[in-house]
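The structures come next, written out as structure tokens.
In what follows, chain A forms one complex with chain B and a second complex with chain C.
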Partner chain A sequence: MKELIAKAAGLLESNTVQVVIGYGQGSADRSRAIFITQPSDCEQLIFDSRCIQNLAVYLTKAEIKKMGKPAIVASIPVLRSIVQLAAENQLTNDSLVVLGVSPESQLVEFESLAAIESYLESHKIEIDEKYRKIIEDIKAKPVAERFAYWVKELEPCFKCYACRAACPLCYCTRCTVENNQPQWISVGSHPLGNLEWHIMRAMHLAGRCTDCEACYTACPMSIPIHLLTKSMLQDVNENFGSYGSSISKPNSLSSFNPDDKESFIR
Partner chain B sequence: MQTENYLIRKASFEKLFNNLIGNGKTIYAPKAQEKRILFEKVQSFGELAEDYIVATNSAKSVVFPRTEKVFSYKKTKESTEIIDAANDTFPEVILWGSRPCDAAAFIPLTDTFNGDYPDVIYNKRQAKVYVLSFSCRKCDSYCFCTSVNGGPGNTAGSDILFTKLSTGDYLAEVVTEKGKQLVSDNSSLFETKPEESKDQNLAQVETYFNQEEIQAKLQNLFENPIWDEKSRACLGCGSCAFVCPVCSCFDLQDEAHGSKGKRLRCWDSCGFGLFTLHTSGHNPRETQGARWRQRILHKFLYMPNKSKTAGCVGCGRCSRSCPANINILDTVTSL
Partner chain C sequence: MNEFEPKIVAFVCNWCTYAGADLTGTSRIKYAQNVKIIRFPCTGRIDFMLLLKAFSEGADGIIVSGCHPNDCHYTSGNFHARRRWITFRGLLDLLGIDVRRIQYSWVSAAEGAKWADIVNTTVTNISELGPYADYAKVANYLEKEANL
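Now for the complex of A and B:
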């Protein structure tokens, strides 16, 4: 922790970065994202088991971008999001300094975004056995039952879009749900509108989601929407190769390869 | 009317519940689920949550559903028929297990829906809702009802308020004619009022600020760096507004299917960037800071200026639900 604080303060002092995005003490014993601009304030940085919000979400927010070049405290899920953002040309080596935090809570520094990708080779995404089982059970249900399951699970959704807002990869300045001419997705939070929204959200993350669970953690109704993205991760893994983002390799679902095994696209 | 006090035995609640269901009333109550407690329609007494401070969501949907039909229409070659939802008949609803803050929220909510004109649909729904609240015996660090003229045993907004006494039985304070009607329909369950007062059976909710003082302070705080500072971590979702029992903003949406369709009013939130976006592309509340300022000013300055009641009942739901841990109490006390 001392190392992280010293490093962050040094970056601000030398004006290498203008803001440090990290975790600080929030209210009710929770952590809160903090945005430090003064070296002396780096003492406020904390890192413990409460620090689970994916801070990468702030890298594309207009209000935060205005503060200048950031350094960001990045645990494994945040690092994964950073690589995916880089793969989507949202970040370059010059746009930020990454203060990595290893699973052992040690500061890890990176020379480049590509170095983060290499580091993550030894921290691959793995879907928990617990979730594999849940997903398997849902998939084993007959179609009508599976449909009823999702209608029921999504029922409490009132479309606050916290799932979208908390996701580092939902950075569009205008979302499809906000398009009203024509309106693609029903705005109302009724069964159809909720299904449409959650299917679309999941599909837009196909091949991009890095399994950070920020969507689920953010959901005030605790709807298990992460099951959708986890299941999709498994599908992408089975059909397009291994889990994990890559800056140099093309995105799984938005690239075309003449040697693809499917013939429908030719 | 003058409040009437009775005693109700713990064991009588199930009977009361069953009588109400038997009379064809729909009951909404906090229901315990795996990771949450939600106000939902309940069918049996066993479904009721027992141990909760407040439900995650608010009870406002019984009078202001998250998505509600305003009218539907059918077009033919000759004419268009409009079917106005204001002519609909709405069900009798019992709100069971609301807290004094939940009940108090109906006062500003009803004010809002009767501001420039009376909202017929809202008022028809509200006329059929019976609010049966339970006093709070515990609170947490998000609660601040006593700072906004509320309290853990306040009766405002409830039809009947139940308070658990040291004996395990309950004091029933019957506050309105609606409450009186329920008591007379179930008179065998209500006994002579207990000796014990409710005061020593309530949660100790700390008072952090004074609503009138905050109102005065906010008069001159429109331009202040605090709004950007306090909202920097804000993700711009609508979670705070949607769990809030007082927030009442909505968006009208048309859903057409060929020659027929309907107009819906759907909850909306001032936290969304799109909320004030003009067609021109200009947005008068361009930053999350400006949106957070609006939220605070609306609740603690504009609403009390207009109708004497603050737009916040101190339930703390917005802070509990915020994915970025933005805390309304923290903002207000640091002004």
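Now for the complex of A and C:
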């Protein structure tokens, strides 16, 4: 941790970056995101098991961009989001400094975004066996039961859009859900509105989601919306053979293979 | 009691299936009248939200159709659409939205007979499945509340 603090302070002192995005002590026993602009404040940086928020979400926010070039404390899920953002031309090598934190809590430095990508080669996305089982179990139900299950699961949703706010990849300045010409998503948080919203959210993350679970963590009602994106991740991997992101290759749903296989088109 | 007549919405591309459906008519081939055809520039333009809108507006079945692979007027629109359909179908299946009610097909401008066949078999299949009551229940939630 001392290493991280020293490195962050050094970056601010040399004016290589103007802000350090990291974790600090929050209220009660929680951690929170902090934005440090003074080298002396770097003492506040912490990193432990509570630091699960995906900080990459701040990289595309206008308020943060205004602060200048950032350095960001990045655990594995954050690194994955950074690579995905780079793949979507949201970041360049010059736009940030990444202070990587390995699963063993060691500081890892990267020369370029491509270096992050090769580092992640040894930390590939994998859907937990537990979740595979849950998804399989849901899919095993009869179709009407499955529908009833999801209508019930989505019922507590009151469309606070915390899932969207927490997601590093939901960076559109104008979201489909706010569009009312046409009104794509029914406005209320009734069964139809909730269903449409969550389908749209999942579809817009298809082939992009890096499985960081920030949406689920942020959900105040603990709705298992990450199951949707996990299931899509599995589908994308099975059909198009690409888990996760790559800077040199377009997203799975922004590209195609003339030989893509399916069995349902007549 | 009246026999159930399914409401089918067809999202088709301008260059192949729409022209194909036109050929069905000029060839004087009779087919089921349950289908409302909506013309799009390309299958790549057919947003998945449109399919959900069709269901929420009361469609019992949906046909999505366009040019065969390699025949897209815009070279690759249908390839992109195919990937979208594959992922969307997986998501709908997980959510318990009946994927049997969405028929995807490739119908070229020369396949008037195939279009008639697609529509007829879809109508038969949807007739067997019955009205899409599950989705209608969700879609009409507010009306029901108002009637209480």
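The rule is short, and it goes like this: the second predicted complex is superposed on the first by the 254 of 266 C-alpha atoms of A that agree within 3 Å, B and C clash if a C-alpha of one lies under 4 Å from a C-alpha of the other, contacts with A are read in each partner's own complex, and residues count from 1 in each chain.
Keep this in mind: contacts are C-beta pairs under 8 Å (C-beta built on N, C-alpha and C of every residue); 3 or more make two chains touch, one makes a residue touch a chain.
Since we're looking at a predicted model, the values are computed, not measured.
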Will chain C clash with chain B on chain A after the two structures are superposed, or do they fit?
fit
Give one of first, second, both or neither to describe whether A:S222 is in contact with chain B, with chain C, with both, or with none.
first
Chain B versus chain C as contact partner of A:F35, first or second or both or neither
first
Quick one: is A:K249 in contact with chain B, with chain C, with both, or with neither? Answer first, second, both or neither.
neither
For the superposed three-chain arrangement, angle chain B-chain A-chain C (C-alpha centres, nearest 10 degrees) equals 90
Tell me the contact category for A:P156 with respect to chain B and chain C: first, second, both or neither.
first
Taking the superposition as given, does A:K124 touch the first partner, chain B, the second, chain C, both, or neither?
neither
Identify the partner contact of A:S189: answer first if only chain B is touched, second if only chain C is, both if each is, neither if none is.
first
Which chain, chain B or chain C, is in touch with more residues of chain A?
C
Looking at A:K133 after the superposition, I want to know if it touches chain B, chain C, both of them or none. Which is it: first, second, both, neither?
neither
Per the contact definition in the header, classify A:A166: touching chain B only (first), chain C only (second), both, or neither.
first
Pick out the closest CA atoms of chain B and chain C after fitting on chain A and give their distance in Å.
7
Shared chain A contacts, counted only where both chain B and chain C touch the same residue
186, 188, 190
Residue ranges of chain A touching chain B (in the complex, touch as defined):
26-28, 30-35, 53, 57-58, 61-64, 156, 158-162, 164-166, 178, 183, 186-190, 193, 214, 217-218, 220-222
List of chain C residues in touch with chain A within their complex
48-49, 52-53, 56, 69-70, 76, 79-80, 82-99, 103-106, 118, 134-135, 138-139, 141-142
Mind pulling up the chain A residues that touch chain C in the complex?
135, 138-139, 141, 143-151, 176, 184-186, 188, 190-192, 195-196, 199-200, 202-203, 206-207, 227-228, 231-232, 235-236, 239-240, 252-258, 260, 262, 264-266
In the complex formed with chain A, which residues of chain B make contact?
34-36, 38, 56-57, 66-67, 140-142, 228, 232-233, 235-239, 241-243, 251, 253, 255, 264, 266-267, 269, 272, 274, 287-289, 319-321, 323-327, 329-330
